[in-house]
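Labels run A, B, C and D following the written order; every chain starts at residue 1.
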Amino acid sequence: ANRGEIAVRVIQGLKDMGIATVAVYSEVDRCALHVLMADEAVPIGPAPASESYLVADKVLAAAQQTGADAIHPGYGFLSENGPFSQAVEAAGMVFIGPTAESMDLMGDKLSARRKMRAAGVPVVPGTDEAVTDPAVAITIAEDIGYPVLLKASAGGGGKGMRVVREPAEMASSLRQTMGEAGASFGNDAIFVEKYIENPKHIEVQVLGDGTGEAIHLFERECSVQRRHQKVIEESPSPSLSPQLRQQICEAAVQTAQAINYRGAGTVEFILAPDGDFYFLEMNTRLQVEHPVTEMVTGTDLVRAMVLIAQGEGLCYRQEDLQQRGWALEFRLYAEDPSRNFAPSIGKIHSLTIPLGPGIRLDTGIYEGFDVPIHYDPMLAKLIVWGEDRDQAIARSVRALREFTLHGPVHNLPFHQWVLAQPAFRDGSYTTDFIGQCFDSSNWLPPLDESQTEALVTAASLFEAMRRAETTNGRHLSCPDRAPNWRLNARRRMTGNR
Amino acid sequence: ANRGEIAVRVIQGLKDMGIATVAVYSEVDRCALHVLMADEAVPIGPAPASESYLVADKVLAAAQQTGADAIHPGYGFLSENGPFSQAVEAAGMVFIGPTAESMDLMGDKLSARRKMRAAGVPVVPGTDEAVTDPAVAITIAEDIGYPVLLKASAGGGGKGMRVVREPAEMASSLRQTMGEAGASFGNDAIFVEKYIENPKHIEVQVLGDGTGEAIHLFERECSVQRRHQKVIEESPSPSLSPQLRQQICEAAVQTAQAINYRGAGTVEFILAPDGDFYFLEMNTRLQVEHPVTEMVTGTDLVRAMVLIAQGEGLCYRQEDLQQRGWALEFRLYAEDPSRNFAPSIGKIHSLTIPLGPGIRLDTGIYEGFDVPIHYDPMLAKLIVWGEDRDQAIARSVRALREFTLHGPVHNLPFHQWVLAQPAFRDGSYTTDFIGQCFDSSNWLPPLDESQTEALVTAASLFEAMRRAETTNGRHLSCPDRAPNWRLNARRRMTGNR
Amino acid sequence: MLMKKSYVLTLEGTQHHAVVASGDDRTEVQVGDGPAHVVDHYPVLDGRAISLRLNGRMHLVQITGLDSKGNVMTTIDGWPVPMTVMDELKAMALESLGGVAASGTIAADIPGLVVEIKVTEGQVVHQGEPVIVVEAMKMQNELCAAVGGTVARVPVTVGQPVNPGDVLVVIEPEPGG
Amino acid sequence: MLMKKSYVLTLEGTQHHAVVASGDDRTEVQVGDGPAHVVDHYPVLDGRAISLRLNGRMHLVQITGLDSKGNVMTTIDGWPVPMTVMDELKAMALESLGGVAASGTIAADIPGLVVEIKVTEGQVVHQGEPVIVVEAMKMQNELCAAVGGTVARVPVTVGQPVNPGDVLVVIEPEPGG
């Protein structure tokens, strides 16, 4: 019940288990890759997600109509929607994910904080109750020390947060944050917590069997973020000592056990410069960045989720799991780094995919696909594995040079930029890294002479050949006469002869 | 100093180490993928390998002209040519491979037999001396028991071998084999060894530092062969018990140590149905099927070779190496299984590559490339990793369905056929498997109704659209008017709108 | 208005018939004597394949045109299947050329107007003899008898607009015609 | 015989000039005022890219034509670089249209024969005034002044064959021409 690369990933995972697949799609997604790859596909309405992918009833109907036994929600859309998972189970189907209770509990930051504190998991110093009175907020702030963060209990994705650095700001900030929260999440509960500067984002992949059994698949570091969104993730984290790794992974397992978590989940922590870590939130779904964990631990999380949902419990034992090598994930976004990462859309005119050792590509696009405006601009994920971090980085540089896309503006060059930064190379980067180091007006390295000569030569030759064709009576550069079909006949003369 | 997928693999491996690369190419290979990917490229003559890739002087000159520090020979061509490696070193460059002594020793089956027997490695019962007199051969045969195999000491690739089942055949067989050997290998030395029926081909990857230090990277099974050539390889082997695995791997290490082997090599064994195994030969180069070992052990053999060549010794310790999961390799050959695997050539009109978890593709081709007649018909290798053999097989089925190629006739469907065979599924297959089970005249499964309907519908629509274009005044199906350039303009209307 | 066209396809040695009726808004396909239904289809993968949705089931058919003679290479579920596809008339023509007993049915090749009918029912015609003229885009196309025989039916009249696939003249082949 | 053509390219905000001289057997390219040399180049990746070999170094340039106005998207070493490329005349035309001081140099657009010279050195011409006629494939192409000014040179004579890029007339633009 999803679209794009995650739907493709899930379909591939199910096929790898010999399970038949049904895709759902909105009007603009008839030719999306997940639809092309599925065994069956059901249209569920107009392009806007609110009229298709987010409409529980339509997804349910599609599943019933095709006689599906279970629904995998992917991420986003209905993946963390308690009522939907209940409806799926009420309809006699299996929801491949956690219980509605777990979702609701973790969906509310305040209830999650309370639960975790009770379970002995460290949480960021602050309140466990909603605050409405600035005076109260100020007392708390004095108590835990400025700066503090005002956070919407129902918030997420970086929205509904505000830093307060001195008492004077408190009243207005509180008012504004409550306003936003009420507007965006229909819940204006706000709480106060210590604002940790230059933190790292460390998260731990967990699997739970729903009866209190839980294991971890080690950590991922996702501190490379722009606008509070992850763009590059890696596993292991370069920031954890073996001891710290063990502590943080154990805390994650505690978290999962405390709520009898079922399925795959991610416990997110915030790691302070002083080495203290605090529970941030738990994502009760498969994560975008799950492949780095799969590459390093040699596992298949989709398979694990399905087996758990089938009641077969955990397919791994903690003692059998270990990290081997290093994996990096680069999210390919249709966005313009030079324009503050503004989203871009359009047809994929040309796509060259990196191949060879240590390369995995999870993609939702293909050459000729037209990227619609209506959804997340993430097109694909390049995952690179290496024996160690240095090799993984070197291999990533190679892969990003092989990886080309003409069509929407995209962020592949941005990834090359990140790989060249000392703060990334030495692993010291924090979630403020991009904000501090990236200058959108001046980040592209100038072309060297040989590159410029090559480009000038190539473009002239291109134009000369194009012109030669045109004057031969064919008007290739005139779109309205472009044929619909790429016949071999047309291709016979392209290429290398 | 090679071409095709292995040259691409080596170039990628070197780039992953930050090392600049120089490709050599024959006249027909100017647009081969290894040339496109290299930093520099040097033409070394006409298409026939005997006038280009096999000419040591030309390769050397190219290396010197570009100031190369070292040469990686890949496999085939000059990779096991002692004089070449000596010439490279004489020219003050590094040959990334073993010493000429090792190559020569292992290149001669008789000297290899003697050496191995001395080193305590089990060899197939037979003679260690050349035989010319039928009478002598018969005595030996009586001694070790029929059937026996007459083998050319300089033979290889399944040539220069003859099975003798009774004394009466000996004289003529011996004469013929000597004749063949003299003609094909310029050396008519023949020896007699026991012929083992229904054997399995097990080989062990080894790394040696050249001073007697050697380690193994576990086994590969390569019993799926047609015309004595491997088509599918896997690691681990489904045929080895842990004990047997240990014995055979230790024998391989003994072999490498016995000759102070330097670099990456493969010790091939023949495994008899009764569980006995015998030394067959040692390949003193990187093997086609090395990726299955890399996937299972999490290593990079090209990197290991380079580090050894740089004098940094072995980059792995035996105790750190272990097998994780299961890997299968499928060789994509341009050949027609229905016509006794006769080679095919031609332009790659259309290529769809499998992606997603557990998939690796090492390729020497791309869409638009024209497969030349002059070289090995192997175009690419699909390597599939799974947590266990069942998952690896299921995933391979999925990947082979995603993998399509229009152009030369190829063997991807043949791989699907193999995966469906009980003898392969249960791992009991031997090197005689294809010969015994494959009926070239009747192996393609009939299409089911829905597939037929889909094809008929698709082809009719295809023809209808093509016709529509033609009558619109464009003559797409007329090659001589095909444009040289695939402009976006032409592509704008293709795809999904 | 739907424009109909009949195709003869050969795969795995068997012949199949299909009728494609395409309009501006939709395309109907009829395979064999099955029902004609609207087909949910799109060219995808930059023109390398057609995506078909046949009663809910998805089929991704890779297809490459090899020449203008209707030889195409297709792949479905990873199995390569060579096919030939041509419109019915061409098929007939080839048959008659091939000496195989050709059909006596003459159908329209292009959409147009019947401007002249050179034969009447019962008349004897020889193979290759012009029997009817269809005008399209100011061009007169003379259609000839693929076989010799007796004119059995002429289901059209002068001035009548016809679409590709419409039967114009039916000839009863004479023995060995 | 080589057919020459001059191009004006813009990338990263700077303008570059290149001359492509193509014959049946080889193609020479001259970038800026560097030497013209034979370029080892092939369209590859099914037309998605050009493979260049410039004194031994390999460059794989992905290139996609975006329109007929010379806007192309290129990628080299993983860096996307938008460019515009157009032949010199078109560039001039655009410049003059853009009101920017246009060049007074008029060069041949197509290979042909000079059939008429409408001006003499020293003569004053107005922008848009026809100055020379080149015939190619039985078609007379009248070339006009991109700027007004005084004719400085007419390096060709009637009856002379010219190739694209050859200078035909040079006009000394008048201030603000």
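Operating definition for what follows: contacts are C-beta pairs under 8 Å (C-beta built on N, C-alpha and C of every residue); 3 or more make two chains touch, one makes a residue touch a chain.
Keep in mind that this is a model prediction, so the values were computed, not measured.
*Asks:* Would you kindly say which chain has the C-alpha centre located farthest from the C-alpha centre of subunit A?
*Replies:* Between subunit A and every other chain, the largest centroid distance is to C.
*Asks:* Based only on mean CA positions, could you tell me how far subunit B sits from subunit C in angstrom?
*Replies:* A distance of 48 Å separates the two centres.
*Asks:* Any idea how many Å lie between the Cα centroids of subunit A and subunit C?
*Replies:* Measuring from centre to centre gives 51 Å for this pair.
*Asks:* Taking each chain's centre as its mean C-alpha position, how far apart are subunit A and subunit B in Å?
*Replies:* For subunit A versus subunit B, the centre distance works out to 39 Å.
*Asks:* For subunit B, jot down the residues that touch at least 2 other chains.
*Replies:* Within subunit B, residues 30-31, 37, 349-350, 368-369, 402, 406, 462, 465-466, 468, 476-478, 484-489, 491, 494-496 contact more than one other chain.
*Asks:* Please output the residue numbers of subunit C that touch at least 2 other chains, ranges allowed.
*Replies:* 42-48, 51, 57, 64-65, 67-68 - these are the residues of subunit C that touch more than one other chain.
*Asks:* Could you run through all the chain pairs that touch each other?
*Replies:* A-B, A-C, A-D, B-C, B-D
*Asks:* For the complex, give me every residue of subunit A touching subunit C.
*Replies:* 23, 30-31, 35-42, 66, 366-369, 484-489
*Asks:* Given the complex with subunit B, which residues does subunit A contribute to the contact?
*Replies:* My answer: residues 8-9, 12-13, 15-18, 30-31, 37, 291, 294, 298-300, 303, 324-325, 347, 349-350, 353, 355-363, 367-370, 386-387, 391, 394-395, 398, 402, 406, 462, 465-466, 468-469, 474, 476-479, 481-497.
*Asks:* If you look only at subunit D, which of its residues touch subunit B in the complex?
*Replies:* Answer in residue numbers: 40, 42-48, 51, 53, 56-58, 60, 64-68.
*Asks:* In their complex, what parts of subunit C are in touch with subunit B?
*Replies:* 5, 7, 9, 11-12, 16, 18, 20, 22, 27, 29, 31, 34, 39, 41-52, 54, 57, 59, 61-65, 67-68, 70, 72-81, 83, 85-87, 110
*Asks:* Which residues, counting only subunit A, touch subunit D once they are in their complex?
*Replies:* Contact set of subunit A toward subunit D: 349-350, 352, 400-404, 406, 410, 412-413, 416, 444-447, 450-468, 476-478, 491, 494-496.
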